[in-house]
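Paired with subunit B in one complex and with subunit C in the other, subunit A is shared by the two complexes that follow.
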Partner chain A sequence: MNTLLKLLSNRWTLGLIVIALVCLVPIVITSKYWMHVFILILIWSIAALSLNLIMGYTGQANLAHGGFFGIGAYATALLMLKLNLGFWPALLLAALITSVVGFLIGLPTLRTKGSYFAIGTLCFNVIVFIAAERWESLTGGARGVIGIPPPSPISLPFGIVVKFSTLSGMFYLSFFLLLVTLFIKYRIVHSLVGRSFMAVRESEDLTSSIGIDTMKTKIISFVTSVFIVSLSGSLYAVYIGFLDPEIASHHVTFEVLLFVVLGGIGTIAGPIIGTIIVTLLGEMLHFLEAFRLVAYGLVLVLVIIFMPQGLMGGIRSLQQKIAARDM
Partner chain B sequence: MDLLFQQTLNGIMVGSVYALVALGLTLEYGILHIPNFAHGVLYTLGAYLTFLAVAALGYNYWLAMACAMLVLAVMGIVIDRLVYQPLIAAPHLNSFIAAIGLIYIFKAGMLIIWGPDFKRFPPINEEVINFFGATVTIQRIIIVLVTAVLIVLLNLFIKKTMAGMSIEALAQDREGALLAGINVKRVETMVFAVGSAMAAVAAALISPIFLVYNTMGDAVILKAFVIIILGGMGSIPGAVIGGYIIGLIESLGGAYLSTDYNEIVAFAILIGVLAVKPTGLFGTRAH
Partner chain C sequence: MLEVKNLSKHFGGLRAVDELSFKVEKGDILSIIGPNGSGKSTVFNLITGFHEPTEGRVLYLGEDITGLKPHVIARKGIARTFQHTTIYLQNTVQGNLIIAHRLRTNTGILGAIFRTSRHRQDEKQCLEKAEATADFIGLYSKRLLPASLLSQEEQKRLAIGIAIATEPQLLLLDEPMGGVTDKEMGPLMALIKKINEQGVTICLIEHKMGVVMSISNRVIVLNYGRKIAEGLPENVAKSKDVIEAYLGEDYHA
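Up next, the complex of A and B:
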């Protein structure tokens, strides 16, 4: 029993077990509805993780994340439909486009701090939404973009063909990209770049006084974060197959923010846990309609006042209390 | 020429509303140094309350406006005491998040009570008068006049009364104000009451002309933020001048340029200004 506990407390073993369990999900779960919910959780987890990079680790309240999600989704859809690109080139090209836009917006807005940055990015999000709604010749306006095809199948050696038109194919694709995101994030957080992100979060003045270029650090964090959110936008576009301007609006930003805050700002697993909880609760409480949004709001306010580090922070302080009692 | 004059009048009218909303925001920012994103939903609530009092309860328009002000002032106090005060020592990020939570609560709450439909006021002050060749309704003139009076009153309140001076003292130097024996909490609560009441007036003034609906505050609050960034956060003259400038740019831009992208002009200006001067046009220091 003790060795089992020790094995479980090792992060890597625990991680591998979780990965193996998640891989079993499409085999065990036969309900289409639940598969749909799980795929959405995977896609939104990527978005939440990317927001956490700029907000949780670098301390910059980027309120344009829904806009960048939308840019990634629209870019993928339009590249695939108008230029007949395949999914994979479209995925990468969309991420590049989103990164360039992020870089151009980051240059003026990241020069500002705190509230100014939050408001500047929120305004950009509104610009993206209005552009998606009114630029009819490109985005189809309020009618949106329809008929986005699923990624074409990949042939592997030994005659195995991976199809993405099925739910389980989409599930594995999303899970794969989530793992890639987690890996990138883990590597960044434990590198010198990640340390400088956190240094900027703690104190920008102090960080620049020891010779770190804070502007460059913030730009790197911002562009990486929008690159990743574009990936989740692409997944959303090909999975749902339909986009309307609402997917680029600040409501998306707020929802992703809720995932991150509830799970735990500045933790690796927090955003995923937050996404799982909010999405599952949202599905279960669908019948409550607008009351559900009131509940979202209450959760945000209460969590930020009483548990500012989210569920992960709450668990951590509980662990510390137990450890202190055992001593 | 007529179009120019008519649009200028329109710009001043819309600018008055922006100025009132921005004034409340800038006061709150000056004291607490947090952007109160929830100010916009209070504006919407103010419009609904005025509508409720006029259309359902049959109150006189001015009485309805006063009721909306009173309710909103109380709401401002409650929000400050329950949400913003406990977060005063936490990082600013936490206050933004709390504000977003408040937006959810109020917006969904109003959706439950009043539904998604647009509400139209019964005709109020719709008599038309001829004003140097342009035709304006009385209500439009009322908007401009009431705003001007309120701006003057607010200025007198801040410069001449003890309570008002304590607001200014707190905005300038928090520790200094504490040392001078100012009850900081009480001043903060007062600012929230005054700011929210001003949002109610702005909404009560404009909603008989436009319609009342759930998302009416979204664009207004963002523009108010643009205004206070341009005017320097916490600056009262900045909020007033910025309000009229954005109102004029919008109505003239809408008439002579494109109506499709009219709404994003203000936001594009903001990002442009931030690129050149991160502290805003009249701002002196970054927070």
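Up next, the complex of A and C:
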């Protein structure tokens, strides 16, 4: 019993158990509706994790994440439909395109600090939305892009063929990319690079005084963050098979922001937990229709007032309080 | 090793630093003193690239470093502390010192993601430097504590530790004794002397005259951004201009 507890408290074993359980989901869950919800949770988790990198760890309130999600999604769809590229090359190329756009936007906006950066990026998000709506020859305008094909099946050894036209195939693909994202994020956060991100977050003056190029550090964090959000945009495009300008709008930004803030800014697991809670909440509140956004706003305000560190941050400080009392 | 030539900084109509020239020689402990608002901190900000001078040059080891970015100047070997003790409060003591040595390593984000042997080597180098520095500043036993739990005096020492973990040749200390009790000043002064004995040239801004007199081999006095006296501590203390600047014209000795 004791060894079992010890094993469970080990991060890695716990992680492996969670991975195994998630892998069982498509086998156990037969409801198409719930599979759909789970796939969306996986896709949006990737977006939330990537926002947390620039916002939570580097301290730059990027309010253009929906725009970058949209650029990744549109780029993937257009590369597949207009250039007949396969999903995987389109995924990578879209991420590169999004990164280049991110780099070009980051150069002027990251020079500014605090709320100015937030305003600058929000403006860019609005521009992306308008471009998606008005650049009809490229994006199809308000009608959107339709008929985006699912990724073609891949053959694994032993005659196993993974099809992505099925819900379970899409589930595993999204889960795989989520794990890749988590792995990359874990490695970054626990490295000298991640330490530089957090140093910039705490004090730009001190950080530049110890020889770290803060501008370069912010650019690296920003570009990595939009590279990853592009991956989730690609997944969304091929999963839903249809894109309209709304997917590149600032509404998306605020939804992802809510995932991160509710779950716990600057924590590894927080954004995923926030995504799960808000998505499930959103499904339950479908009857509210447009008033859902009001509910989101209310939740956001309450979290910022009562739990500024989000759920994970709240749990962590609770643990510290208990530990301090036991001492 | 450092030469400041006709340095001026104007903020609007205010001449914070006015045609200031001085030299720091290798091995010096040079104190810059002067009444509040006499431009001392601005001089540090000009040397380290936080402000761009209106006029004048800063030469370091014979090289013109005027107008370079702060991180470039830090890499050239000039470290500084800030007047308001500035450390990474959310990080541990060791974490503060690890990041301070980051500038002497150069693996990037791909090295971090793939955890290349180069990156592991860099991490090891930073950790070793951090542990050695924690020991040097007398915080080895507290190296795993969050910096926010340190006392004011310990935070001062950590701020100095962060600066020396960058391996500077010239260290600029902005009021290292500010906000510490008289009893705590002794160990801090000993630390500064110890750093100097390791071959680091030191330039400090200080208000506590006892400290200035006992620690420095040379003193520069600023008033309204101008240099009004320079020399050995005991001579400067007797200077008529200095007494006037500090106490007003009525206090002629």
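The working rule: the second predicted complex is superposed on the first by the 322 of 327 C-alpha atoms of A that agree within 3 Å, B and C clash if a C-alpha of one lies under 4 Å from a C-alpha of the other, contacts with A are read in each partner's own complex, and residues count from 1 in each chain.
FYI, a contact is a pair of C-beta atoms (placed from the backbone, for glycine too) under 8 Å apart; a residue touches a chain by one contact, two chains touch by 3 or more.
A quick note: this is a predicted structure, and the numbers were derived from the prediction, not measured.
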{"item": "Touching partner for A:M55 - first (subunit B), second (subunit C), both, neither", "value": "first"}
{"item": "Contacts of A:I41 with subunit B and subunit C, given as first, second, both or neither", "value": "neither"}
{"item": "Touched partner set for A:V301, first subunit B, second subunit C, both or neither", "value": "first"}
{"item": "First, second, both or neither for A:E202, with subunit B first and subunit C second", "value": "second"}
{"item": "Chain touching more of subunit A, residue-wise (subunit B, subunit C)", "value": "B"}
{"item": "Subunit B versus subunit C as contact partner of A:M312, first or second or both or neither", "value": "neither"}
{"item": "First (subunit B), second (subunit C), both or neither touched by A:L167", "value": "neither"}
{"item": "Touching partner for A:L235 - first (subunit B), second (subunit C), both, neither", "value": "neither"}
{"item": "Subunit B-touching residues of subunit A, taken from the complex the two chains share", "value": "55, 59, 61, 63, 105, 107-109, 111-116, 118-120, 122-124, 126-127, 130-131, 134, 254, 257, 261, 265, 290-294, 296-301, 304-305, 308"}
{"item": "Subunit A-touching residues of subunit C, taken from the complex the two chains share", "value": "48, 50, 69-71, 74-75, 79-80, 82, 86-91, 95, 98-100, 102-103, 105, 107-109, 111-115, 119, 122-123, 126, 162-163, 165-166"}
{"item": "Subunit B residues touching subunit A - in the complex, by the definition given at the top", "value": "29, 33-35, 83, 86-87, 90-94, 96-98, 100-109, 111-112, 219, 222, 225-226, 229, 233, 260-261, 263-264, 266-268, 270-272, 274-275, 278-280, 286-287"}
{"item": "Footprint of subunit C on subunit A - complex, ascending", "value": "184, 187-188, 191-196, 198-199, 202-203, 205-214, 220, 224"}
